[in-house]
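Next come two complexes built around subunit A: one with subunit B, the other with subunit C.
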Partner chain A sequence: MEPLTSMGVMALIGAAATIAGASEDLESDVGSQSNPNSQVQLAPQMMYPHRIFNKAISGEPPSNALMCAIGGTTASVLMSAGASVILALAIGAIIAAAIHGTYATTSYFGRSASQRRFKQPIYLDILRSHLPVIMGYAFITTFCILVVSYLMIAVLAHPFSLPLMAFIWGITVGAIGSSTGDVHYGAEREFQNVEFGSGLNAANSGNIVRRAESGLRNGMDNSWFCAKFGGPVTGLAFGMTVFLSGWITVLFDASKGDAIGWISVIAGTLIVLILTIWNRNIEVAARKAFGPYKKDEEAEVAA
Partner chain B sequence: MIDIAGILTDNILNILLITLGGILISWSVHFVPVGGAPAAMAQATGIGTGTVQLAAGAGLTGLVTAAAMMNVTDSMLLVIASGAVGAMIMMSVTMIVGTWVYAYGVGCPPASAKAKYDPITKDRQDLYVSQGTEGHGLPTVCFVSGVIGAALGGIGGAMVYYYLLIIENGLAAPDIVGIASIFAVGIFFVNAVIPSYNIGGTIEGYHDPKFKKFPKAVFASFIATFLCAILGVLAIGGL
Partner chain C sequence: MSVGGGGGGAHAAIPHNNIIAFGLVGGLVGIYAAYFLVDMLGEYMSFLGALGAICGIVWGAAAVRRVANYGLGTGVPSIGMLALGMGVVAATFGLAVGGVAGPVIAVIFAAIIGLVIGVLANKVLKMGIPIMEQSMTEIAAAGTITIIGLSTSMVGTFLFDEVMTGVITTGHIAVIFIAGGLAILHPFNANLGADEKQDRTLACAFEKGGIAMIVAGIVATIMPLASGALTILVGLAVWYVGFSAFYKRVKRDAYMITGSGLLPSKEELE
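The block that comes next holds the complex of A and B.
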């Protein structure tokens, strides 16, 4: 294929992946999933009942992998029956979002009901208002992952099947969302009642913020806040992963010879090296900005 | 009737190399700095997610890159190197964006609670661990350890896939790719789960005392992957 066409396709894949990453993180914020949900689950037991949606269906990677694999399988079947690509991908994503909505409902009822002894109510208005948002984000995530997978298979001639490719990218988007954007929700948004910075003292566990900018806080307030930083950076992370891992093999196409293939390996290693140096720079800047939290007793004794 | 003994003797090298790939995956997981749920609240050093999930995310990205490469080249080394690079890119991108969130979103410096001095940069760590936490963020040693882990996981995953794909069989090309990739993903998950019993939720990387437990996981992986490899080879070779 023309290198310019391949690069154009890679750009489209990167853009779709960025949207998928951002919507994946915001879906997990509005419904409260993954590791930060441990605090939402713990809060009623510490006598802090709340109005935050509580659905940890499973870890984010398996739940996204399930959604994407369902979407990929449905789309694959529809395409083999002669449906157009866009229609097949859209219907696949709708079915995946509907199944995700089912899990979100049972999960919210189950988790809240199990906390009856801690006087945690089940709010039907929370379920009614949050479920369409959760399903909407799930649809966007699944659709974008299906677009990424379809383009890689149909245009870039990747040998994997659509459901498997969607499954793998589902696992990856969940792993990235759970590692990056969720920290913004778990370490910052849930604990705005303590001083900014320095991580959460274990003694404050369960004492999540329950009052919003206006009224009582719910999942949508969390999504509003995380959409300013956690969501977009998750999108950047997934977009960068999909784009960079594909870009090096498109730019240095191994089908033209093994030597060019090895250049792609070197290019990838260089990218990793640059990111390592970048991490070190942020580390030095953060140590300087937030300073030591304790005095150096050894130095004082020596003096 | 399937000639079981014949298939196994013909593919004994494949079985051994698939087992080696599985062992590499199991070893690699010990390098990945994961802090589980506490890290998501900046209460522990490492990436704020589960061991299996992060290792699988990186390894499977490597598998996608390796499979793309295998489509266009016969060089085994190139396929395996591509798997390693794909996994390294996923892991380092995740870690750098994690560092953005810790530094700019949460406001805490990377600090390890398991080492007084960072073995690579020699920076003092304990003074930067805030009260009531077990460290936070990703100091340089954790970042480098994560990249090594991802590389090993990518190599392991790519090896498993490569040696499943070259087994002689009577299938058409898309079918063999389908079955080999499903087996490769399955073997990857088996070997990503086994080390989590050693890790118990959190590990900072190769400087963590828990890292020394890896021989037990590697031995368990050897047995599990050997059995998986026999099944995989029989399933693919018998078709």
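The block that comes next holds the complex of A and C.
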């Protein structure tokens, strides 16, 4: 294929992956899945019952892998039955989102019912209002992952089948959402009542913010907050992962000869090196600007 | 998820030995019934394989519940993935060497792998969970039954060549792996907490088994030796019955189910 066409396809794949990453993180934030879930689960036990959705399906990688594998399988079945690609991918994503909705429902009901002695009620309006949002984000994530997988197979001639490819990208988007976006919700949003950057004192465990700008805080308030930074940055992280890892083999196509293949390996190594040095510099600059916690030490001495 | 069960043995209304018998016998009967009846009566009997897989899923979920009650919080999903990981190895080995006896050989082989991993976990990693060896054996066998059951339902047979071309090279093994794995790990993960009840967790496992069955049915629609329509319909029925049973127990167990409302007051919490 023309290198220019391949680069265009890679750009499209990168764009779809960016949207998938952002919607994946916001989907997990609406339901408090993954890392922030431990505090949502702990809160009622510390006498802080709440109106926050408790979506403990599993970690983000397995639940996203489930969505994407179901979407990929359904789409590949429909395509082999003669359906058009867009229709097949859309129906696959709809079925995946519906199944994801049942998993979200059982985890909200189950986790809340298992906190009977801590008097955590089950609010049906929370389920009714949050479930369409969760399923909507799940649809966007699954559809975009299917677009990424399909383009890689159909245009860039990747040897894997659609269900397997979607499964692998599902795990990846879940892993990146869990490691990148969760910090913004778990460390910042849940503990806005303590000083920024102060860490989580054991005495504050479970004492998550339960009241919102208006009324009682719920998952959608959290999604609104995370949509400002955590979601987009997750999208960028996943988009970059997909784009940069694919870009090197598109530009330096290993099928054209061993020498070009080795150039792609060198290009990949260079990208990893540049990112590592860049990250290290950001960390050092942040430490110089903000850390360590001098004020806390002074306060302890004064006490 | 920092709170993982009570740190001791799990209380059970249904004796665990009954669940083992249900999973092992029900699973193998379902798989063999699908294999023979597809030959005798027609491809629409392939749905029986998925019913066998549901028996394996319920057994696996019960075993995960027992072992995870010893304080595994975030370890619950890992154990579910481990179950299907051991299952894939055992299933491909068993079906490759066993012919018609494949599922039985696969389950025996899985039990051996599970036992070894259980012994390693307790003796080498020193996890110190009393039922680790037994649970790992059960989880591996349940995962294997789930994989073979769903595969049989997808292609109408468990003979290695058909499973290889219809399930593994097409990549449908990915959806079996994750739909089966989540059906085993999700029920206890979703019901984790101080007031978790065995029957509610197992009702959830039935419901998730129904979903795995529907997905197997979707794949079976394009397979020559299997029929998807009946598998999807029975899967929907299992899902509906499972969800109703689960919601009935949620209503029984919850502190309060309310359409909407404020948080419990301080007086209520004391």
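Keep in mind that, in the parts below, the second predicted complex is superposed on the first by the 292 of 303 C-alpha atoms of A that agree within 3 Å, B and C clash if a C-alpha of one lies under 4 Å from a C-alpha of the other, contacts with A are read in each partner's own complex, and residues count from 1 in each chain.
The working rule: contacts are C-beta pairs under 8 Å (C-beta built on N, C-alpha and C of every residue); 3 or more make two chains touch, one makes a residue touch a chain.
Since we're looking at a predicted model, the values are computed, not measured.
Enquirer: Using the touch definition from the top, say if A:38 reaches subunit B (first), subunit C (second), both or neither.
Expert: both
Enquirer: Who does A:120 touch here: subunit B (first), subunit C (second), both, or neither?
Expert: second
Enquirer: Comparing subunit C with subunit B, which touches more residues belonging to subunit A?
Expert: Counting contacted residues of subunit A, the larger count belongs to B.
Enquirer: Can A:87 be said to touch subunit B (first), subunit C (second), both, or neither?
Expert: A:87: touches no partner chain.
Enquirer: Touch test for A:164: subunit B only (first), subunit C only (second), both, or neither?
Expert: In the superposition, A:164 touches subunit B and subunit C alike.
Enquirer: Is A:287 contacted by the first partner subunit B, the second partner subunit C, both or neither?
Expert: First partner only.
Enquirer: Which partner chains sit in contact with A:59 here, subunit B, subunit C, both or neither? Use first/second/both/neither.
Expert: In the superposition, A:59 contacts both subunit B and subunit C.
Enquirer: Kindly classify A:154 by the partners it touches after superposition: subunit B alone (first), subunit C alone (second), both, or neither?
Expert: Neither subunit B nor subunit C is touched by A:154.
Enquirer: Name the residues of subunit A shared by its contacts with subunit B and its contacts with subunit C.
Expert: On subunit A, the residues that contact subunit B in one structure and subunit C in the other are 38, 59, 62, 160-161, 164-165, 167.
Enquirer: Which residues of subunit A touch subunit C in the complex?
Expert: Per the touch definition, subunit A meets subunit C at residues 37-38, 41-42, 45, 47, 49-51, 56-59, 62-63, 65-66, 69-70, 72-74, 76-77, 80-81, 95, 99, 102-103, 106-107, 109-125, 160-167, 210, 216.
Enquirer: If we count contacts the way the header does, which residues on subunit B are in touch with subunit A in the complex?
Expert: 36-43, 47-50, 53-54, 56-58, 60-61, 63-65, 67-73, 75, 78, 81-82, 85-86, 88-90, 92-110, 121, 123-124, 126-133, 136-140, 143-144, 147, 173-174, 177-178, 181-182, 185
Enquirer: Which residues, counting only subunit A, touch subunit B once they are in their complex?
Expert: It comes out as residues 34-36, 38-39, 59-62, 152, 156-161, 164-165, 167-169, 171-172, 174-176, 178-184, 186-188, 190-191, 196-205, 229-230, 233-234, 236-237, 240-241, 244-246, 248-249, 253-255, 258, 261-262, 264-265, 268-269, 271-272, 275-276, 278-280, 282-283, 285-287, 289-290, 292-296.
Enquirer: Where on subunit C is subunit A touching in the complex?
Expert: For this pair, the touching residues of subunit C are 1-3, 73-74, 76-77, 80-81, 169-175, 177-179, 181-182, 185-187, 189-197, 200-201, 204, 207-208, 211, 215, 218-219, 221-222, 239, 243, 246-247, 249-250, 253-264, 268-269.
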